[in-house]
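A quick write-up on the structure given underneath.
Order of writing sets the chain letters: A, B, C, D, E and F. Residues in each chain are counted from 1.
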Amino acid sequence: MKKIALLATLITGAILLYSTKDFAPWGDPHSPASVHVSNVYIEKSVEQTHVPNIVTAILGDYRGYDTMFETVVIFSAGMAVIGVLRRPKE
Amino acid sequence: MISQNLHMFVLAAPLLSGILVNLLGRLSRRWISVLTLGSLGFSTVGAFFVLLRVLAKGSFHYTVGNWTPPYGIELLVDPLSALMLLLVSGVAFLASLSALKSVDQELPGKQHVFFTMYLILVAGLLGLVLTADAFNLYVLLEITSINTYGLIAMGKGRAPLASFNYIIMGSIGACFYLLGVGYLYILTGTLNMADIASRLPAQGGTAAVATAFAFILVGLCVKMAFFPLHGWLPNAYSLAPSGAGVMIAPLMTKVTVYLMARVFFVMYAPWQSTGHQGVHPLVVWAASAAIIAASALALSQKNLRRMLTYIIVAEVGYMVGGIWLANAQAITGALLHIVNDSLMTLCLFLAASAIVYRRGSLDFNHLGGLYRSMPLTMAAFTVGAFSMIGVPPTAGFFSKWYLILGGIEGGHWEFVVALLVSSLVNAVLFFRIIEFGYFPTGEQAHGHGHGELAVQEAPLQMVQPLILVAVALIAVGLGSGWIVNDIIRLVVPGNF
Amino acid sequence: MESILSEIVAKYNYWIYVILMMIGFYAMIGKRNLVKKLLGMNIFQTAIILFYVSMGVKRGGGIPIVDKHEALLHGVNPAHIDNPVPHVLMLTAIVVSVSVTGVALAIMQRIYREYGTLEEDEILEKIER
Amino acid sequence: MKHLQEKAQSKPLGESLIVQTAVRMMIPFIQLFGLYVIVHGHYSPGGGFQGGVVLGASFILMALAYDLQKTFGYISERTNAILGSTGALIYTGTAALCAVLGGYFLDYSALAKIIPMNPIDWRSMGIFLVEVGVGLAVMNIMVSLFWDISSGGKMDEGL
Amino acid sequence: MIWQLDLLILTLVVVCGIATITVKDLLGASVIFGVYSFLMCLLWAEMGAVDVAFTEATVGAGVSTVLFIAAILRTTRRSKD
Amino acid sequence: MTMASSYSIAPLVVVLLAMLGTIPIMLSDKRPNLRESWTLLVAVGQFLLVAAMLPKVLAGGEYVFTIAQVLPGVPLQLRVDAMGMFFALVASFLWIFTSIYSIGYMRTLEEHGQTRYFAAFALAISSTIGVAFSANLLTLYLFYEMLSLSTYPLVTHEQNAEARASGRKYLTYILGTSIGLVLPAMLITYSLAGTLDFKTGGILAGVGSPEVLSLLLVLFIFGFAKAGIMPFHGWLPAAMVAPTPVSSFLHGVAVVKVGVFSILRIIFDIYGPNLLFDLNLNVVVTTLASITILVASLVALTQDNLKRRLAYSTIGQLSYMVLGAGMVSAAGMMGGMLHIVMHAFGKITLFFCAGAIYVASGKKYISQMDGLGRRMPVTYFAFFLGSLSIIGMPPLGGFISKWNLAMGALEAGQITLLVVLLVSSLLNAAYFFPIVYRGFFAQPAEGSSLDEVREAPLLVVIPLAVTACCSVLLFFFPNVFIDLAKLALGL
């Protein structure tokens, strides 16, 4: 069992590592990830939301839908723990 | 504006009322049923109008927060997602009728917690159906998972252990998916599925893209319990409280399959058609193996609900195989089967839940004389069973028809054989149940008649949805020509 | 040999992330102790977060907080600010991970109450008996 | 190992005067910091999550230094549940309200129909609003998670 | 970005990661996991992801670890592997 | 030939009548008289409706009704043509007598679960009519499956261990073949021809290679296991644990004939006789049928249980019909079709008699029936007539069909088939005459007294007398059926 697990782990790791060869060099400001969408956030977010912390702007507004569900995830976790563990009062 | 936002209200209704159930449900039991049924009923009706609107005016893109697509999170409302919206909310509505009853019996004092999670889970599923953003999909996947973990772990006995295994497997799936999305993001710089798809062909056939898709698809396969990765499902679904099982079993895997179809159509197929060797035959073979293996495992079960869970695993093989056969017939079949299988599973699980309510157990040797004591439940069960076997005019026949035709067209005879074998196995499985239910067990059969076995039907609130689903199964079967022509054909991409 | 070495040096962050991911993944599927599985899950998730955060780094970039007035007047040069999108995504991922951990720990306590152990093989033994 | 564990369970964790005094002095500052993090999320690292977790941590710290009952004096189980739900409701409610008011879902500028304000400022305001909701929800859920996990759902003494 | 520091932290992170899953005492493992999280948080802060680092410091190194420890104290710290 | 086909809801009404008839039958669970009135009402109503459609069909017209368009090019469609009318007429007519007989039989034996029995019976007849009126293969398949399932409660009516085993066997054969063989065959047909409609002259001409078509035909013939072509006949003797009215109607008329009817549909309307002949596939059909005829007749000789003997006789007789179709000569096909009617009337009489003997004396085995004929002369005389018809003696209906079959064999120039016919007729005589002989002339075994045995109740005896008379009448007035068969075959 442990051997299989180790093998699976190694294979997964090898695949992941091998594919990093196609990535842009680390820290490259011209990598696709840095020039497509994110630069617009950096340039426009202050103008469009008046929030200097770009992360907060994206979190709260551009991707606010994600964040809403993130809150709901936390809320659900609380509910799940109550449901699983808490004993109802007599 | 209302009509433009209607699908958002469909989603928001269970979400808001889920939270409200937690606030108000602890005050009075009445609030729970009012809020649950009210919101899900509203969603069902709303989803119906969304479907009508989409059919009349064509599909549309919706951006949350009014940002232009790659910047905000995009939602896609096309005929298929509208249909899924209707399916999810409708199934959840029917299931909740039964769940309200069985939760009272199984989890007294925790109803409000249960239904909070239940409604948020429905909202998560509705969100999954709509989303067109790769990362948003991850978040919603986690919402549905976390609520499912909770709901399953509320069961008795071994349920927490099953749920724990599910957590481990589910997290692996989610992490893989996240890794895949990360790889795509690093290559394209965007998270919007359509945008990714438009930028991927420029990447060519690099190993990184292949890895990204491999991880995304494996992640989804874990979540949908595709055969070798199915280990968590049977325990989790069979040990869950029946109120949770009736909703989770029909919807979770099916919605994940739908997501896989989305990923496949929107991102994978366009990239793959730019001239890279596909892995389609491999997946179809795997699906065929999955169908056969899961059917064989189902044969060895001694408990009705466990048997059904293995059938779910087999059905996942149907749909995955259908999608990866990648011809119009098979994809039509797979998408139609998503709808049909949800309804069939719902029907069977509702029946199982009703039986548990009266008999307390689903072991085969406790099923004797059911046709006598619970005739309506068993009539509906029979319809569901026939649909699983694929007897016309129930819905299950028609999706199987398209799937097999797709297999013939694609020259994948192993898939055709697997489908036929699984139909036969299903016939054996369900007739065993029908036989158990039809013949009285030892002590019930005294002499000739067994008139002393009184009719003891489950409460009306559990039987009603069951009858409705059984009727729906036949109606969907008869209307499958319409569903295929007017809805599914519209969304099968043109290049298939 | 040299090319591999330079590759490693240029992407050592990815190396580290893959190693951490392997540690976590191995713990999740190879370890028999439930807590260990959960720790592995957390390591896996932090590894992914590391991966995402690494992809947002720009050489010579600063933290994604700008001066409001400066930005409104002169605009911002994207090359000087780290990519904020992975950060946003990872905030969500962290929250998800702690939620799952919480639920899993709660369920683990139920399991312990039921079987009196956290070792998977011992639990299975008890079930079979 | 066994008796270590028994010892740990027999004696509540960290029941010492020094710890308790230190915690009692720290908690107001921690809570203040938490509030600051939430409110100041627009301008500095932080926001609803971080602030909420810090606020929750203050109660957790209290529960560690004393016991669970002490925290119930500040925030009862019922209040906790209500506040947590309210937090989640603020976010989802705001989102839905935007749609009801005729904008897109989560389009904060639509809120200008209630209080007329520059749409861009409303976006900033909307972000603040939802951050507060997140903070409330996260704080209470964190506390509730700790309560349940440390007491095994019994809500008695705790560790 | 100081790459020496970077490398040092990365090494430590890996060491802590391995230690977390190999230490037999679960309580010890959780504490090491806390350290691991904290190192991660340093690493991210240094990479410019201040928000993530802050969150990890409060959630990963803080609440998560506390929850782990709480759960272990309620159950058992024994582990066979 | 030109056909006036009119769109009409009538076929649907006929099919639905019995199906919906189950509802009042179920609802009057506690009131047997009311329940049985419903049964009779539905039976008579159905026959009248079918008969009302007869004139137009005889004039070469058709009734068509589309239920739903379910697959591209394949609607769920009902169509009343000559061939369907031919079968529906027989089935709905005989159902009336079976209902009367059932009432007498079930009441006399005080069986349990009578409501379920009558409801399932109504469902079964509805499916039978549905098969007869199907306009395409999919619709036929639908009703075929419905029939299999609705007869399960009838076969397992006793609900004891033997019934359970038989029911299992029954479903294994019937469902296994229909899902495992017919379904893929249907799919292949669809993917070859793009349609599943029944069309005089067939739809498969010009598509697919001879190998595929041969395989397909074999799949179809074995797939419709209700026709009892060996080796898929095993369910029929097993199904004899059912109450006798079930055996008589379903396993003498409806179920088995549905199998044969389906095969005839395949041969006439999917392949078309010409294609069959061109590909030499008729040899396959006739060979399979001949083997079944001879083997089944031989096995029947060895059976002591009366119902089992009748069952094996049925297996043999069914293959006559397939044989006739396989001859691909005008007279042969005509004989095959006519044998459906003649055998139906003959065999139902025989089964009714077996049931009457059981009701009156409780005897199931031929060896116990010595001398019984003198106590039950009406029953035994009817039995005699029925067996004469099956053997093919004039002046009984069976003669007409056998004569046609023999002519067909000659016409097709296949002397072997003629030999098969003759030999099997002799075998028929060999297994039927001893029963009659022992009934009238043998002395009862030592120690068993037949003094208290009387003729069965009137409700049991009248139907069997009527069907026996019908067998005779059919010899003199077979015209309706001959006309219908001619229309169906396009002669």
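Everything below uses one rule, namely that contacts are C-beta pairs under 8 Å (C-beta built on N, C-alpha and C of every residue); 3 or more make two chains touch, one makes a residue touch a chain.
All figures in this text were calculated on a predicted structure; none of them were measured in a lab.
Common neighbours of chain A and chain F, listed by label, are B. Note on connectivity: the fewest chain-to-chain touch steps from chain B to chain D number 1.
Note: the chain lying farthest from chain B is F, by mean C-alpha position. If you compare C-D with C-E, the chain pair joined by more contacting C-beta pairs is C-E.
With respect to chain D, maximal separation of chain centres occurs for F (centres as means of Cα atoms).
Distance between chain centres (mean CA atoms), chain D to chain E: 23 Å. The geometric centre of chain A is 26 Å away from that of chain B, both derived from CA atoms. Rounded to whole angstrom, the centroid-to-centroid distance between chain B and chain F, based on C-alpha atoms, equals 43 Å. Within chain C, the positions touching two or more other chains are listed as 12-13, 19, 21, 25-26, 29, 54-57, 59, 61, 63-65, 68, 85-87, 89, 91-92, 95-96, 98-100, 102-103, 105-110. Looking at chain B, one finds that residues 15, 19, 22, 64-65, 135, 139, 142, 146, 149-150, 153, 160, 179, 185-186, 191 touch two or more other chains. Under the contact definition stated at the top, not a single residue of chain F touches 2 or more other chains. Residues of chain D touching chain C in their complex: 43-45, 49, 138, 145, 148-149, 152-153. Across the complex, chain E meets chain C through its residues 1, 7, 10, 13-14, 17-18, 20-21, 26, 29-30, 33, 36-37, 40, 43-44, 47-52, 55-56, 59-60, 63-64, 67-68, 70-72, 74-76, 78-81.
Interface of chain B with chain A (complex): residues 15, 19, 22, 64-65, 67, 70-73, 108-110, 113-114, 116-117, 120, 123-124, 127, 135-136, 139-140, 142-143, 146-147, 149-151, 153-154, 160, 179, 183, 185-191, 195, 199, 203, 206-212, 214-215. Those residues of chain B whose C-beta lies close enough to touch chain C in the complex are 135, 139, 142, 145-146, 149-150, 153, 157-158, 160-161, 163-164, 167-168, 171-172, 174-175, 178-179, 182, 185-186, 191. Listing the residues of chain D that touch chain E in their complex gives 1, 4-5, 8-9, 13, 37, 45-47, 49-50, 53-54, 56-57, 60, 64, 142, 145-146, 149-152, 159.
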